[in-house]
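So, here come the structures, one by one.
Look at the two complexes coming up: chain A is in both, with chain B in one and chain C in the other.
After this line comes the complex of A and B, so read on.
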C-alpha cells in the first residue's frame, strides 16, 4: 500500500495545457476519484502517475519516493483501461498470469494466484477462453483480475465502467467498491460520471480544464462545493443558483430576489450571508413548498413538470430565474400554477457573482 | 460465396485462363521433346512427355546449385530483413527519438530512386568491401532494397495497433523490447507474413544486381543462371522452360501456403485490442 503525491504537476502537449499545477495527495488505502468533464485532464493525471506520460514540470511521489523517470513496470502499480486492453492472442488464464510471467514468478505461485483471483472475481470457468469470446462485463473482470494478481501497491483505473451498459455499470460499481475495501489497496479512479464518484470515492477530486477545483469527501463536495462549477457538476439535477442581493438590517438581513424581498429567518441558528450581490445555491430537494419554516416565501411559477417515478421534478420560474425543485411523487403542482418556496438556511451556499468561488459559509 | 452470374463467371474464367495459360504452356513445354516444341498445330499435351530437360538443367547445367544459392540468398535476406525491420519499424512507430520524422521521410524518398540508379554505386561499394561475386554481397544489396519497404509497411501496421495493449504490457512489467516480442509481434503475423513474402520475392527474382555482381558460376542464383541459358547462340527452349518452372514453382508454393495470411495482411490495420 502506498501514498501517492502529485506535486504541482503541469503537462503541456504542444501548446495545449492539459494540467496546471496539480497538487494532490492520495492517502494510503483510500479510493480517490478524479472527477471532471471530458478534457479536464483527469486521464492525463492518471497516466502521469502510471509513468505512461512524463510531466512537463512537477513531481510524482509514490510511497514516499520520487518516481520521475521510473518505468511504468517498475512502479509497482496496476492500470485498468477503459477499453480493458486484454491481450487478444492469449487466453484469460494467460492474460491473468502475464504480469507474473514477466516477473518470472514461479509456476506454482503463478497458478495459485491466478486461481485465487479467478475465484475472487467469479471468472473461473472462463480461464480457457480468449477475450473475443467474452462479454463486456466478463472482459472487465479479467482486466480487474490482471490488476489484482500482482498485488500492487496501488490501482489506477481509467473510466473502467464507461463501456458497459447502465445496469452492468451499477453492478460492477459495487463490486469494485467491495474489492477495494477488501484488499485495502490505494486506488485512483478516473470518471466523468458524478454518480460513480459519489458512490465509490472515499474522497473526490474535481478537475476542470486541467485545474483542481476541490478535494473532499463526497459529502463535502456535495454540500459545500468550492465553486459554481463543482456545484453544477456534482449532483443531479444540478444545484440551483439564484442571483440575489443581500441587505443587512441591524441584526438581521433581507434577501432581494428580483422584486421579492425575503427576510432572513430569525433564530434559525445560521447567520445570514454577507451583504452585497451573491449567487445563492441550493439543492433541488432542499426546498419546501407551501409553508415554512425557512427562508421565504419565494414566489415562483411552474413551467414544466417531470415525473420520475420516485419523485417529481418541477422546473420553476422565479422572477425570470430558473430553478428546479424535487417533490415527492404524489405532488400535484401543474404547469402554470404559482407556488411558494421555503429554503432551508442550513443547506444554502453563496458564491461570489464574479469569481464563482464559494464565499458563504466561509472556509 | 454466392454463385456468380453467368456473365461474371465467363469473364472470370477468361481472366483466369489468360493468367494461367502462360504458366501452363511453360510447364508443358518443359516436358516436350524438341521436335514437339515448335510443332504446328501446337499440342496441349505432350505426345512423348520427357524429363530430359530437367535432368540436363539440374545436373549438367548446374541449376541444382543455383536453386540452392537462390534459396540461401532469399532465405537469408528475409530473415535479416525481418530481424532488422521489426524493431526498426517499432521504433519509428512508437518511440520518440531525435530525427524520427527525418528518418521516416528519408526512407520514403529512397523509394523514388529507380533501382537501376543504385546499381553502379552498389557495385563500387560492394567491391570495395570485398563482397563482389559473393552471395553475402547480394544479400547486402537486397537488404538495401527491401528494408525501406519493410520498415514502411511494418511501421504503418504497428501504428494501427491499439496503443493500450502496449501500455498494458509496460505497466505489467515489460521492457520496450519485451512489449515488441511478447505483444506486438504475435499480433502482427499478417504484416510480417506480407513483408516476408514480398522480401522473398524480391530476393528470389532479382536479376540486375545478380547479373552484375556474380562472376563465378558456382555462386549464380537462378535468375543469372536462367539468363545464361539464353546466351548460347542456339537457345534450348525446353531447357529454358524447365529452368523457368524451377524458378517459379517455389514462389507459387509460397503463395499457396501463405495466401490467407497475406490477404489479411493487406487488408488489416484494424486489430481490435480487446
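After this line comes the complex of A and C, so read on.
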C-alpha cells in the first residue's frame, strides 16, 4: 500500500501531447478512477505510473520515493490489462505463479499464495486450464489473481471490464470493489464508462485532451461539475445547459430565459446566481413538472418522448433551447403538449458562457 | 412472371456460369501440374522399371522389374550419400533457422536503418544461386581467394586452405553456405510471427518483474516454437531435395555427395538412367514418408 503522486507530468508522442502538466495524488488505500473519453490521456497516465512509458517532463512518486527511471518490475505494482494479457501457453496456476517465480519466492509460499488467491476469486477448479479454455469472465478473474498474488503496493487497472458483456461487467464491477476494499490496496482504475467510475471510485479524476478537469468524490463530480465538459460527460442523460441572463432586482433577481422572466424564489435558502449571462445547468431528474415550489414556471413544449422502462425521458423545447427531463414511467405528457417546469434552486449550477468553467455556486 | 420451364432458373444459369469460370481459372494450373509434376513422375517410375541406357533413351527399353532398385540399394555409394544428405540437411537447416531467429530478433524492434538491414538480410535468399555460389567459390579459392588471403595475412593459417576440396572442410563449407543462403527464409517467418505477439504480453511480463532473458523464455519462445518447428520441417524437406547449391560449390567432391548428386552422376555420368530413376523414386518415397506426417501435424 502506498500513495501515488504525479507531479506536473507531461507526455508527448511526437507532436501529439497526450498529457499536460497532470498533477494528481492517489491516497493510500483509495480507489481512484481516471475517467475520460478515448484519447484523453488516461491510459497514458496509468502507463507512466507503471513505468511502461516515460514522462516527457514531470515526476512520479510511489510511497514517497521518486520512481522515474525505475524498471516496471521494480516498482512493485500490478497491472491489469484490458486484453488480460495472460500468458497463453501457461496454465492458470502457472500464470498466477509467474510474478512470484520471477521474484524467486520459495515454492511452498508460491503454492500457498496461488491457492489462497484462487480461493479468493473462486477459480480453484481452473488452475490446470490454459487461458484459451476460459471464458472472458474467468480470464478476467485470472488476470486479477495475477495482480493480487504478488501483494503489490498498488493495482493499476486499464479498462479491465471493457471486453466483457454488459451483465458480467456489472458483476465483476462489484467484485473488484469488494476485493479492493477487502485488500485495502491503493488502486488506479482507468475507464471511459462514467457509470463504472461513479460506482467504483472513492474519487474520480476526469481528464480531457490530456488535461485534468476535476478530481472529487463521485458525488462532487456529479453535483458540482467543475465545467461544462464534466457536466456533459458524467451522468446519463447529461446535465441540461440553459443559456440565461441574470438581472438583479433590489434584494432579489430575475432569470431571463429567451423571452421568459423567472423570478428567483425568495427564501429558498440559496442566493441567486451572479448577474449577467450564464449557462445554467440542472440534472434531468431535478426538474418538476406542473407545480412548484422552485424556480419557475418555465414554459416548454414536448418534442419527443423516450420510454426507458423505469423512467420516461421527455425532450423539450424551452424557447428554442433543447433540454431533457426524466419522469416516472406513468407520466402522460405527449409530444406537442406544453408543460411548465420548476427547477430546484439547490440543484442548479452556473457556468461561464465563454470559458465553460463553473462560476456558481462557488467551491 | 415467365412461364415455368421456358428458361433455366436464373440461379441455375448463374451456377453454370460460375462453373465455367472455375474451369477456366483451373486450366492453367492444371496443365502446369500435369506437365511439370505428373508427367515427370510417371516417366520416372516407368524409367525405374526399365533398362534405360544411352542407347535405349527415349525409345522402347526392356522391362527390368525391380533390378534397378536392387542395384540402387546394394550400392554403398548411395547409402553414403543418404548419410551425407541427412547430416547436411540437419546441420544446414539448424544453422539457417538459428541465424534466421537471431536476425529476426535483431530487426524486430524499431531502430534507425532497420529497413536497410531487413533488405540486406534478404539478399542471400533472393540472389541467384549460380552467382552467389560462384562468389563463394571465388572468395574461398586457395590461390586467388580473399578469405585465404585474409587468413594468411592475419596469421591464422600457415598456407592456403582448400575449403571446397578437402574433407571434412568441404562439408562444413556447404553447411555454412546453406545456413547463410536460407536464413532469410526463416527470418521472414519468425519476424511475421514476432510481430503478431501481443505487446501487452511483454508489458505484463515487465510489470511482473521479468528481465530480457525471462521475457524471451516465457513470452517469445513459446510463441515462436510452433513456427520454428514448421520452418525447420519445411526447410528440411526442401534441403534433402536440394541439388544446385552443392553441385555449384563442390560438385559432390570431398565428402559432399548428397543423394540428388548421386542420382545426377548415375544418370548423366554413368548413363544408367534406370538406376538413377530408382534412386529418385526411393528419395521420393522417403520424402513422402517424412513429409506427409509433418504436413498433417502442421497444416490445418
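The rule we apply is simple: the second predicted complex is superposed on the first by the 363 of 363 C-alpha atoms of A that agree within 3 Å, B and C clash if a C-alpha of one lies under 4 Å from a C-alpha of the other, contacts with A are read in each partner's own complex, and residues count from 1 in each chain.
Simple rule for what comes next: a contact is a pair of C-beta atoms (placed from the backbone, for glycine too) under 8 Å apart; a residue touches a chain by one contact, two chains touch by 3 or more.
Just so we're clear, the structure is a prediction, and the values are computed from it rather than from any experiment.
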So, on chain A, is it clash or fit between chain B and chain C?
clash
Could you look at A:278 and tell me whether it touches chain B, chain C, both or neither (first, second, both, neither)?
neither
In the overlay, answer first, second, both or neither for which of chain B and chain C A:98 touches.
both
Quick check on the superposed pair: does A:87 touch chain B, chain C, both, or neither? Answer first, second, both or neither.
both
Touch check for A:79: first (chain B), second (chain C), both, or neither?
both
For A:71, is the partner it touches chain B (first), chain C (second), both, or none of the two (neither)?
both
Considering only touches as defined above, state whether A:207 meets chain B (first), chain C (second), both or neither.
neither
Touching partner for A:50 - first (chain B), second (chain C), both, neither:
both
Across the two complexes, what residues of chain A are contacted by chain B and by chain C?
50-52, 71-74, 77-79, 81, 83, 85-89, 98-99, 102-103, 146, 150
Within the complex, chain A is touched by chain C residues 198, 200-201, 203-211, 214, 218-219, 222-223
In the complex, go through chain B and note every residue touching chain A.
162, 164-165, 167-175, 178, 182-183, 186-187, 271-274
Contact footprint of chain C on chain A as seen in their complex
50-52, 71-74, 77-79, 81, 83, 85-90, 98-99, 102-103, 146, 150
Listed in rising order, chain A residues that touch chain B in their complex are 50-52, 71-74, 77-79, 81, 83-89, 98-99, 102-103, 131-132, 139, 143, 146, 150
